[in-house]
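The two complexes that follow have chain A in common; it is paired with chain B in the first and with chain C in the second.
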Partner chain A sequence: MWAYVINLAVLISINAILAVTLNFILGYAGIFSIAHALFFGVGAYTATFVAMKFGAGFLTATAAGMALAALISLALALPALRVRGEYFVAASLGLQMLAITIFTEWKSVTGGIGGLTNIPAAKFFGFELSQPGHYLILSLICLGLVLLIMRALVRSSFGRSLKAIRDDETAAWAYGKNVAVIKTTAVVVSSALAAVAGSLYAFYLSFINVESFVLETSIQLMAMVIIGGTATLVGPLIGTVLILLLPAALSYLPYLPVTEIGSIQQIAYGLAMVLLMIYRPGGLWGFQETPKSREGGSP
Partner chain B sequence: MLLLQLLVNGLQLGAIYALTAVGFSLIFGATKIFHVAHGAAFTIAGYLFWWGVATVHLPWPVAALLATVAAVVFGLMMERVVYRPIQRHEASFFTVFIAAFGVQIIVQNLIGMIFGRSFVSVTTSLSRSVEVLPGLFIAPVAVISILVALAFFTVLTLYLARTHMGMAMRALSENPDLVRVFGLDPARVSQYAFAIGSAIVVPGAILTSMTAGLNPAIGAHVMLISLAATIVGGIGSLRGAAYGGMLLGLAENLALWILDPQWSEAVTFVVLFLFIIFKPSGFLGRPLGAK
Partner chain C sequence: MSQGGEILLQATGVAKTFGGLKAVDDVTFTLRAGIITTLVGPNGAGKTTLFNLMTGHLVPDRGEVNWLGRSLLGLPHWQIARLGIGRTFQDLKLFNNMTVEENVTTVTERNSWLWQSGGAGAKGERRARAESALAATGLGGKRNARAIDLAYADRKFLSLARILASGARLWLLDEPASGLDRGSYERFLSLLRDQVRLGVTICIIEHNLDIVQGISDRIAFLDQGRLLAEGDPKTILSDPALAAIYFGERAS
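After this line comes the complex of A and B, so read on.
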């Protein structure tokens, strides 16, 4: 029972890092990326590669993943600077699909569909993390750090510029904000921190394959942010817990046929997305309709 | 000869892509709704046709009619039950996107539970390839695909240009307020757009069930292709979407000349990505103004 709870807690912490970093660009910068799983994957594969080839410890491996994710994120920043709305969603979709093909086909590095197994345990200043409990502590520390960084950034002048750009890019630009630099920085920071989650995930499971970094993962992360509430620090955490506990809760329900349980979980999750968007589009924790938008809302 | 064979395969696939992309583009153009559950209508239509023909042994026109009714009902339900309530509160396009994706997930899993998760296909004599030239195999269904795509596209173009509702649909994409002033109900025009846009996926779904086959996850693929074709062709242009679909079908097949088949989907998305970076208005779309 304890093992089950710890496992769930580690996965929640890792996903929370992803949701919080995605919220940074989605909620605060208005960059609707559905390629977040790409950076999760880059972090995981790079950390694994560095650890298996050079015997690197957790910090080095994670740093390598972050560096590569930051570099690749420039490919996401480029469309973010040029197009908005549906066009950007489509561009990030293109990157995500491309990444899936590369993760699957670059067999010498990613192990193809079969993935990489026997990833060594994470080393941390000579201490080997062998117990799931160790990983829970490490994940919680990482999540805490990511939350602190996000909080500091959001409350700084950088965060205010970001929100200004989200609300009216032209006005922010006219006010002398360097829109290109601010947006690119946001994407790079978010992607690099997402790679931390990838590294944690790889070391914790000691097995990764492309299944964890597909489009569905990106959509699920997006759902966590949106269901919890965008542009808040707590919202994505709530969303993550809800989305990850839902399947766990469903598997305790009696009368459900075992073979269909996966599908039923998926249907429940799809239904939650639809109903929330209809009845509470601001998310559970997020701001609801402001009085101002209500006034202007009805034709 | 390989090149010619790939070209023929590309035209056949491109015709099917063009049909679904035109449906997506019609809905997006008229209603500004990013209908990512479009692929779900395709899945529903394809599976009902397959079920009608292969399991219940209905004559194929009856099965096709069944598929069309199901696709249209699905499109109308989406507009009525999902999109319209969301749009009541000034929702961003992203809210619509998430909800539609939720529907896509629901449909994919329901189909998997009802009809099974493996590949299914309708076998007919039409999908048997004939050697036309030495080394060049063409199945009758390839010719049918291209002809059907042309026919549907012509009818749709005429409908939009000549009929009252067609004109209203084009007007709605230009200026919804003016449509209202003119005494037309935009909600009703939207419903027509959804009905026609969803119905037009049916030939593509039927042809796919006879060629490549169906699986429950095919909707996501169809949605991605429609979206890519619409953007590559230029948002707001039906002709652009049709060309975009054709281009992606050709690119996917011609890429096989130098690449392994598993890269074909990547080719589609590289094309899409490059278009968005360098020519976001697509090749027939109106230039994008800074919003």
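After this line comes the complex of A and C, so read on.
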């Protein structure tokens, strides 16, 4: 039972890192990227490669993953962010599909469809993380650090610039904001931090393959952010917990055939999204834009 | 009425065509420091397009735009903004989901990188600028309200607070007084007069001729993309030919 709970907690922490970093661009900057799983994958494959090839420890492997994710996101963001919203969605979709092909076909690095097995345990200042509990602590520390960085950024001048661009790009330009540079920086920061989740994931499972980094993952991350509440720090955490606990909760329901849980889960997501967008468009934790609050300021 | 000081902004022979429609047609136009110039003319005269050409939101097909003698052509509009040309929009374009204070603070923060340069001293200076903009527009008490939740007049004043905090030397205001009640209008007028006294130069697009008369040091009259006349308010407003155009009795 404990093993099950710890496993779930580690996976929730890792996904929470992804959701929080996605929210940084989606919620605060209004950049709808469906390529977030790609940077999760880049982090995982790079960390694995560096660890298996050079025996690197957790910090070095993670740093390598972050650096490569940052570079790739820069290559995506520079051309794609010159155009407006919906084009970025299309560009990021294209990149996500491209990445899946590379993850599948570049067999010497990614192991192809079969993936990479026997990834060595993470080393941390000479200490080898061999127990699931170790990984839970490490994941929680990483999540905590990511949250602190996000909190500092969204409360800073940079966070205000992001929100200004999200609310009105034309006005942001007119007030001297270099929108393209600010958006690109946000995407690079978000992608580099998403790679941390990839590194944790690879070391924890000691096995990775392309299935963890596909389009469905990107969309599920988006669902976590939107259901939890965009542009809040707590919202994506709530969304992550809900979405990852839902299958677990469903499996405890009596009379449900185990084979049907997957499709019931999909129906539940869909229903939850629709109801949420009707009744709480800001997400569970987000501010509620009720008619009352709209009238609140009237004389 | 003052005729103004040095030439801040000079547009020479600018033209802009949208799919065959001449929105701005060979307009030569000067904004002098320290006065309020009003752009008047019927709807579709090209007033907002002229603003867009001056701020770099649009690039003229022909002609030249100079700021303090330096050409603005080819500069991205965020750089033009940093030179000291600020604007408001007809539809305000506030940062709706940000608080009043954030709206004003963010325009003082020009650095695109993850932090602002200049340390504590520069931060204090930005803070002081934001605070004085809030004080001048009477929005200090509503600093924590979201822009979208404000009443109409307060939204208008927030757009002014934003341009004030930005430190712009030239304010291009697109119909800033429309929809203001008498009291708010008086406050608006005295705010503008105060700022002009402090060295700000203002160019306003305005439809209401009473307001135009009350506010302008100079008037530029546009119709169908052309600058028909420019001069002091008395001359322009008493010209029967211009009045006929303005009120739709176009002379044939």
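What we mean here is this: the second predicted complex is superposed on the first by the 287 of 299 C-alpha atoms of A that agree within 3 Å, B and C clash if a C-alpha of one lies under 4 Å from a C-alpha of the other, contacts with A are read in each partner's own complex, and residues count from 1 in each chain.
The rule is simple: a residue touches a chain if its C-beta (ideal position, glycine included) is under 8 Å from a C-beta of that chain, and two chains touch if they have at least 3 such contacts.
Remember, it's a predicted structure, so these values are computed and weren't measured experimentally.
> Would you mind checking which one, chain B or chain C, touches more residues on chain A?
Partner touching more chain A residues in the overlay: B.
> So, does A:163 touch the first partner chain B, the second partner chain C, both, or neither?
A:163 contacts chain C only, not chain B.
> Have a look at where A:50 lands relative to chain B and chain C in the superposition and call it first, second, both or neither.
neither
> Just checking: does A:260 make contact with chain B only, chain C only, both, or neither of them? Give me first, second, both or neither.
first
> Once chain A of both complexes is superposed, is A:176 in touch with chain B (first), chain C (second), both, or neither?
After superposition on chain A, A:176 lies in contact with chain C alone.
> Examine A:244 and indicate which partner it touches, taking first as chain B and second as chain C; both and neither are also allowed.
In the superposition, A:244 contacts neither chain B nor chain C.
> Kindly classify A:281 by the partners it touches after superposition: chain B alone (first), chain C alone (second), both, or neither?
A:281 contacts chain B only, not chain C.
> Can you give me the overlap between the chain B contact set and the chain C contact set on chain A?
170, 293, 296-297
> Applying the document's contact rule, which stretches of chain C touch chain A when the two form their complex?
So the residues of chain C in touch with chain A come to 55, 57, 76-79, 81-82, 86-87, 89, 93-98, 102-103, 105-107, 109-116, 142, 145, 148-151, 154, 162, 166.
> Spell out the residues on chain B that touch chain A in their complex, using ranges where they run on.
Within the complex, chain B touches chain A at residues 34, 82, 85-86, 89-91, 93-99, 101-106, 108-110, 112-113, 220, 224, 227-228, 231, 235, 260, 262-263, 265-266, 268-270, 272-273, 276-277, 280, 288, 290-291.
> Sort out for me which residues of chain A touch chain C in the complex.
153, 156-158, 160-161, 163-164, 166-168, 170-179, 181-182, 185, 189, 231, 293-294, 296-299
> Residues of chain A touching chain B in their complex?
The contact residues of chain A facing chain B are 32, 78-79, 82-91, 93-95, 97-98, 101-102, 104-105, 170, 215, 219, 222-223, 226, 260, 263-264, 266-267, 269-274, 277-278, 281, 289, 293, 296-297.
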